[in-house]
Each structure stands twice: as structure tokens, then as C-alpha cells.
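One chain, chain A, appears in both complexes that follow, with chain B as partner in the first and chain C in the second.
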Partner chain A sequence: MDRNFPQELLETIQKADRAGAQAVIDAWAVGRPFHRVIPELLSPTLETFGRLWASGKDGVSLAEGYVAAKVAEDVLSRVLLDASGDGTPRPSSKGPVLVGNVEDDFHPLGRKMVAAFLRADGWEVHDLGVDVGPAQFVDRAEETGARVIGASAMMFTTAKNVAKLREEIDRRGLGNRVQLAVGGAVFKLRPELVAAFGGDGTAASALEASALFARLARRASEARGEVPA
Partner chain B sequence: MKDGRPPRCISCSIFRREIEALQSSGRLDLSVDYLNSMLHMAPARLEARLGEALTEARERQADQDVVLAFGDCCSHMEAFETEPGTRRTEGINCCEIILGREAYRRLRREGAFFLMPEWALSWKKVFIGHLGLLGPCAKEFMQEMHTRLVYLDTGILPVPHATLAEASAFLGLPVEIVPVSLDALLHSLLQATHAARPHARD
Partner chain C sequence: MNSLERVLAALQNRSSDRPALLLNAGLYGARLTGAALKDHYRDPEVFAEGQIAVREAFQPDLLVSPFALAGLGAAFGSRLSESSRRPPNVAAFAADSAEAALRLPLPDVDSHPQVGYLRDSIRILAKRYAGEVPVIGLLASPLDLPPLIIGLEAWFDALLFQPETARALLDHLTPFFVALGRAMLHDGATALALTANLANRSILPAPVVERLGRPSLEQALAEIPGPVILHHGGCPLLPHLADFKGLPNTVGYVVDAGEDLAAARAALGPGPLLLGNLPGPTLGDLSPEDIGALCDRALSRRAADLQFILATCGADIPLDTPADRLEAIADRVHRAGRVEA
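What follows is the complex of A and B.
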């Protein structure tokens, strides 16, 4: 009987079992070119996991979310390693983006998970870390040419600092040309705060960040008069 | 304070021992109701319980000011703290309230994961029961996110050395014990108490 690898991988993630996930991936890779692991195994698994996560019904724990991100990182590292060694096609880049926790926010997990899933989906991610001031975000956006800044805030108190970042983007005349994606627990629970604090969009979970960043990058490209990617 | 009546306080139980020490030393004159600190792990339930506790306080004494001794621990906390006659202790969370802003920010930037005395005793419930961190995942997670566990020793309970050693081994991080005075907590409570007065007359 054929093995249902996406289901097996999902079950290891739900047990927060990173080593078990690696074993499933290794078993899948027998007789298959590894560069197909993302579209054929990782993406379908994470799509299912993302639906569970977004629904909030199955109680996705912090540990499960963390292991899902680590599995994505492990897979991407191996794909990139293979590509550097044997001429296997390297995943094309979707362009530079920034992620960081806003000023006074010291909760890195969500941001790290977003960074992992964005990288796995082909974005060149510049991770600025925690407690990042508005000027630092925008300086780096200008340096890297990032069309999207992903700002993370867990609580209402720190989410207010997203408004300062919005002001800085606009003060430098970059409104629309640099789009502001926002995320974190408070935005999930109070989606009205996204617009209230100047965000251009949010995602229901870290797994949906790549689709959000793609939409926002397209908007930024249009505002810049570039052909959308 | 209306007619000389001190405000009522609704506090997270994380501060219970410390507030009781301030009360018994005569530095704080405040009637306090406590909500279980484990509600922090279920913010929606915390929000509901806090709403109920505020309603109960208002029913007992409609015009009494209320001080909330909490961090920004649920998504609508600011709606509670902007109700007439209500103020919250200043600080993002209990650790900032007890440490003060500068010490909190410095330690967080250094990668500290804080353990308040009450939570240190319940670390398994938090990490395993609520967060699902088990086996190698627990160490990987904590070592990626933090540099050390910082036990905030408020001097009320004996430092639980054996418990901290067990947590350290399980989570793969060293433990630092940081003595903390109750001054920042007292200041925060008194500030909220005084701030509630003009607020009530608006």
C-alpha cells in the first residue's frame, strides 16, 4: 500500500517531533529528486496544517507551530545544499522582504516562523530581530529594496508602535511603494487594528504570510511602475 | 478615591505574595481580589473573567475606583483600563511591572526568559501542559529564543533551587537568580491608584 507521506509528516508535526518529520522526509526522498520535496510534500502538508491552525479548532500548540517552521527550514536548507552541489535547480527568489518585531516587542516566535515559511517559499528574508525602531525598519527597506516590511507585535501596547512605523514610511514618501504587513496575536484577535495602525494587510497564520507578501509586493510594484512579479 | 474610600484592586495572582507583603508592612492600603495567573495562558478566558470581576466590583460599589494589577495580557485590556474610574498598572507584563521598564528591557534584550516566583513552581504545567514543549523540542525552542532563565526573587518565598535546576535541565538553559525589590510594583500600584482619581471625575 502506498504511504500517505503528507499525512505522516503532518502527524509528526502534530507530535512536535522534528526527528520523526525528518525520517518521513527521508523515506519520501528515496527514488525521488529532492528538489521536488517542497511542491510535492512540504507544501501540501503545510497547507493542511495551516488550515487547522487558522481554524483554531484543533488547538495547534506553540510546539507544533515551532516544529512546522523548523521542518520547513530543514527542507529548504537541504534543497539549497543539493542545488549548490549537483546543479539541481535552485529555487528562484521572489525578492527581498523584511521582518522584525516592532519597538518594545520581544516575542520572536511568530516572526521566526513567518521568516521560515517565507524563505521556504522563495523570499529573500532579512530578519531584523526584536525591538526594532521605525527608522531601522525603513533604513533597511531602502538599503535592500524590500517592497514589503513584515512587522510583528503580540500585544495592543506594542501594536501601537506599528503606527509609528507607518508614519516613518509615509514621512519618507514611501507609502504604497513599501507595503506594511502586520501580524501577531493581537491582530488576529482584533483585525480592525490592522487598518487602525496603518497596516496594509495581515494573514491568519504564519503559513499564509507568503501569499500576503505576494499580494503586497505586487501592489508595491504597481505603485513603483514596475511590471508585477 | 471617593469620600476617602481607597480604590479596589483586581490583581493577577502572580503578585499575590508580593502585594500581601506590601499590605502587611503598611506600605499599601488596598483591598485586592485575585484572578488565577494561569489565565495568562488563555487570554480569552482571562478577558471574560476580568470583565466579570469588574462588573462584580461595580455592583458592590458603583462609584469605587478600580486598579487593575495586570500587564497587557489580553487583547481588549485597554478597553478595561479606559473605563471611568479604572486604571491599570503601567507595564507590558508582570515582569516589567515588577522590574521597572529599564531593567526589563535590558534583560529582554539579553535574551532572558523570566520566571516569577509563582510560575516557577508551575513551570511544567506551562511548558508541557500549555505550550506542548516536550523532549528535544523543548531545549531547541528555548535555546533558539532565549539565552537564560531569569528567576525574579522578590524575597517573599524561598528560592526553589531544586525546581529551578529541574527546569534548567529540561529547557537546556542556565538559571540566573535576580533579586528584585518590591519598590517598582508598589510605585506602579500607587501610580495607578492616584491616576484613577481624576479619571473618575472626568
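What follows is the complex of A and C.
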């Protein structure tokens, strides 16, 4: 009987079993080109996991999300290693994006998980770290050509600094051309703050960040006249 | 009836003139005194002045020590980031892994300045309000200390992938937690309130909570010779109360904002205090009328519950919260009557 690898991988993530996940991936890779692991195994697994996580059902914990991010990092590292060694095609890039914790915010975990999932899904992620000021965000967006900035804040007090980032984007005339994705515990608890602080969108979980960034990147491209509106 | 008598009545399931009130207003004291936060979170006299001002302005029935848990990380060597708007945060950790943290010496609770600040705040308030107002000593459970010392990511790595190292670090840190908790009680804290986020199933998978979280909490709390109140710490608590019910010396539970108080009481059963469920960090977004309605709803639904204390949940009430929001809470609770037992 054929093995249900996505289901097996999902179960190892839910057990926080990183080594077990590796074993499932190794078993899947027998007789298959490894570069297909992302679209054929990792992505479907993470999509299912993301739905469970976002629904709030089935008791998905933050740590399980962390394990999923680690598994995604492990897979991506291996894909990139293979690509550098034997000419296997590198995953195509969806373009540059930025992530960082807003000024005065020192809670990096969610941001790192988002970065891992974005990279696994093909984005060129520039991770600016914690306590990133508005000017630093926008300077880097201009340097890299990023169409989306992902700003993370955990607490209400620091989430207010998203508004400063919004002001800086607008002050430089980049409104719409650079879209602002926001995330963090406070936005999950109070989604109305996304608009109140000038965010262009948020995602229900780190795993849904890639879909959000895709929507926002398209919107930015339309504003730049790069694709038809 | 004074505040201490009111809170003791609730603890003993006896009638009182009205429900007691807890405001997580350690930070807010600085708004009332006008103190700079760098002084508020360094000088126990300045912090205590803030709590005195809170007491005079809103008459809460419990006062608190600084909700500045990052200072516990600093006692181990973490570097703090100070702000003019919020309590200090950890900006750089004392160690980069659980293994490395095992080599860190435990801070001496009698001589370390960071610990001394917390303890002196309690001493000053306890002396001033002896026999009148309970003072709550705030600290982090042993499970919640590592995120302040090595960061949450490194602590996840240990808990999930190196359980023996995680266990060893908990064994290493528990004596510090116990020594600090005992010292705070000795200094005059009526009770301790602590977070246990890393024993919450919304943060860790159930097997880790069962294998490591709950047992280590049980072991640590058994060594605290005084009452403990468990604070939800920013996590949902209602769905997980069964994990925390019956912990040694635990006399009360602060649930999250908006969590169903009747369901929480049903889960806990009679005996422990139930505290909640006002949204402290976002009071400023609500009108005084909305806040009054929230208070009325909570108070009317728990009117027959002699062990209910109206409380703000979550982190500190922010500095920019207009005073009329807190006045609305105080007004409602001070006017509330109590059904006789």
C-alpha cells in the first residue's frame, strides 16, 4: 500500500518530532528528485497544518508551529545544498521581501517562523531582526526592491510603532508601491488594529504569510504598473 | 471592611461588602507620579510612590510589585532595553542555549540589585499598608524563566528536542524561583502571582506539558510557603484550567480578558479565587461606558460567587490609558453590592 507521506509528515510535526520528520522526508525521497520535495510533500503538508493552526482547533500549539518552521528550514537547506552541488534547479524566487520586528519590539520568534515559511515558499527574505526603526525598514525596501514589508509586533504598546512605519512609507511616496503586512499576537487578538495602524493585511498564522505576501506583492506591482490591475 | 479583610473574605469564601478589585497598574503608577520609567523601574521608592498614587486614585484592593519580569533575566546577565512607554524588555540574552544557561550562577536573592529592586518595592508597600491592603509579589515560574535568560527559541529547542537538558535547566533554576518566592513572602507579600506560559497547551504540545510542564510547576510550587495566584500570562487559560487546577499552594487564577467566568468557575469548582476578565492593555480603546458595561456584566454574572475578584488581565495597563477608564472600573466595583452567602 502506498504511504501517505504528507499525513506522516504532519503527524511528526504535531508530535514535535523533528528527527521523525527528517525520516519521513528521506523515505519520500527514495526514487524521487529531491528538488520536488517542496511542491510535492512540504507544501501540501504545511497547507494542511496551516489550516489546523488557523482554525484554532485540534489544539495546535505555538511550539508545533515552531517545529513546522524548523522542518521547512531543514528541507530548504537541503534543496539549496543539492542545487549548489549537482546542478539541480534552484527553487525560483518570488521576489525580495523584508521582515522585521518594529521599533522597540524584541520578540523574534514569530518573525523567524514567518521568514522560514516564506523562504520555503520561494521568497527572497531579508530579515532585519528586532527593534527595526521605520527609516531602516524603508531604506532596505528601496535598496532591495522589496514590494512587501512584513512588520511584527507582539504587544499593543509596540504595535503602535507600525503606524510610524506606515507614515514613513507614505512620507517617501511609496504608499501602495510598498505594501505593509503586519503580524504578531496583538493583531491576532485584535484584527481591527491592522487597519488602525496602517497595515495592508495580516495572516491568521505564520504559515499563511506567503499567501498574504503574494496578494500584497501583486497589489504593489499593480501600483507600479508592472502588471495590469 | 478594609481591602485586606475583603480579600481574605474572598479567600475564605465568606461574604464581604463588595467584590475586591485588582488593577495591573504597576506601570500606570508612573503616569500618576510623572516619574520617568528609567527611575520607576530602578528605584523601589519611586515604584512604590506609583502604587500609592494608584491606590489613592482608584482604591484597588490589591497592590502589586513591578511586573518587570525581564529584570529576572537581567539578574542572570541578560541585557535590558528600556523604554519611555513600557516596562523593560530583554534585548540580549545571558546565554544562547539551555546547555550554556546551566553554567550561569544563580543570582543571590539577598544581594543582587535587580532582585533587590523587586523585593524593596514589596517591603515599602507592605510596611505602608500593613493590615490594610494586600501586596502581590509578581514573578515568573521556573518554566518561564528560560525565555528571559536564553530566549524562547532556544528554550523551545531544549523542551522539544533536548528534554534532558530542559529538565536539568529547570532543576537548576527552581531553587532560584523558590528562594525568590520565599523572600518576597518574607518581605511582606501577601501572595505571589506568577505566569506559567510554558506549561500552557497553547504554547507547548500536550505531551511536553504532561511530561515536563505540570510536574516541574508542581514541584516548584510545593516549596513555596504561601499562597500563589496563577496568571494567564497572555495565553488563553480557560481551555487549560484542568492542567493547573489543584497545584500546590495555588489559591487563585487570573483568566484572560473576555474568558467566560462562569465556565472558568465550573472548571475550577469552589475553593480558589477567580480573577478577571477586563482587558487591561486595551482599556484606552474603550469608552468609560463600555468599560462600565463590561464590569457590570462580570459583576452581575458572578454576584453569587464570593470568591470572584474583578481584575484587569494581560500585561500592564498602558501609560496612555485615560484615567476615566480606570475610574469607570473603580466606580462600578465600589458601587457593587454583594449577595450574602
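Simple rule for what comes next: the second predicted complex is superposed on the first by the 227 of 229 C-alpha atoms of A that agree within 3 Å, B and C clash if a C-alpha of one lies under 4 Å from a C-alpha of the other, contacts with A are read in each partner's own complex, and residues count from 1 in each chain.
Heads up, the rule we're going with is that contacts are C-beta pairs under 8 Å (C-beta built on N, C-alpha and C of every residue); 3 or more make two chains touch, one makes a residue touch a chain.
Quick caveat: nothing in here was measured; it's all calculated off a predicted structure.
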| item | value |
| --- | --- |
| Simultaneous placement of chain C and chain B on chain A, clash or fit | clash |
| First, second, both or neither for A:Ala185, with chain B first and chain C second | both |
| Contacts of A:Thr158 with chain B and chain C, given as first, second, both or neither | both |
| Which of chain B and chain C A:Val30 touches, first, second, both or neither | neither |
| Chain B versus chain C as contact partner of A:Arg18, first or second or both or neither | both |
| Common interface positions of chain A, toward chain B and toward chain C | 16, 18, 61-64, 66-67, 104, 106, 108-109, 112, 130-131, 155-158, 185, 190 |
| Complex contact set, residues of chain A against chain B | 16-19, 61-64, 66-67, 70, 104, 106, 108-109, 112, 130-131, 155-158, 185-186, 189-190 |
| Residues of chain B that touch chain A when the two form their complex | 43-44, 72-73, 75-78, 92, 105, 108-109, 130-138, 140-141, 144-145 |
| Interfacial residue positions of chain A with respect to chain C in the complex | 14-16, 18, 59, 61-64, 66-67, 104, 106-109, 112, 130-131, 155-158, 185, 190 |
| Footprint of chain A on chain C - complex, ascending | 81, 83, 85-86, 89-91, 151-153, 156, 159-161, 201-208, 234, 281-282, 315, 318 |
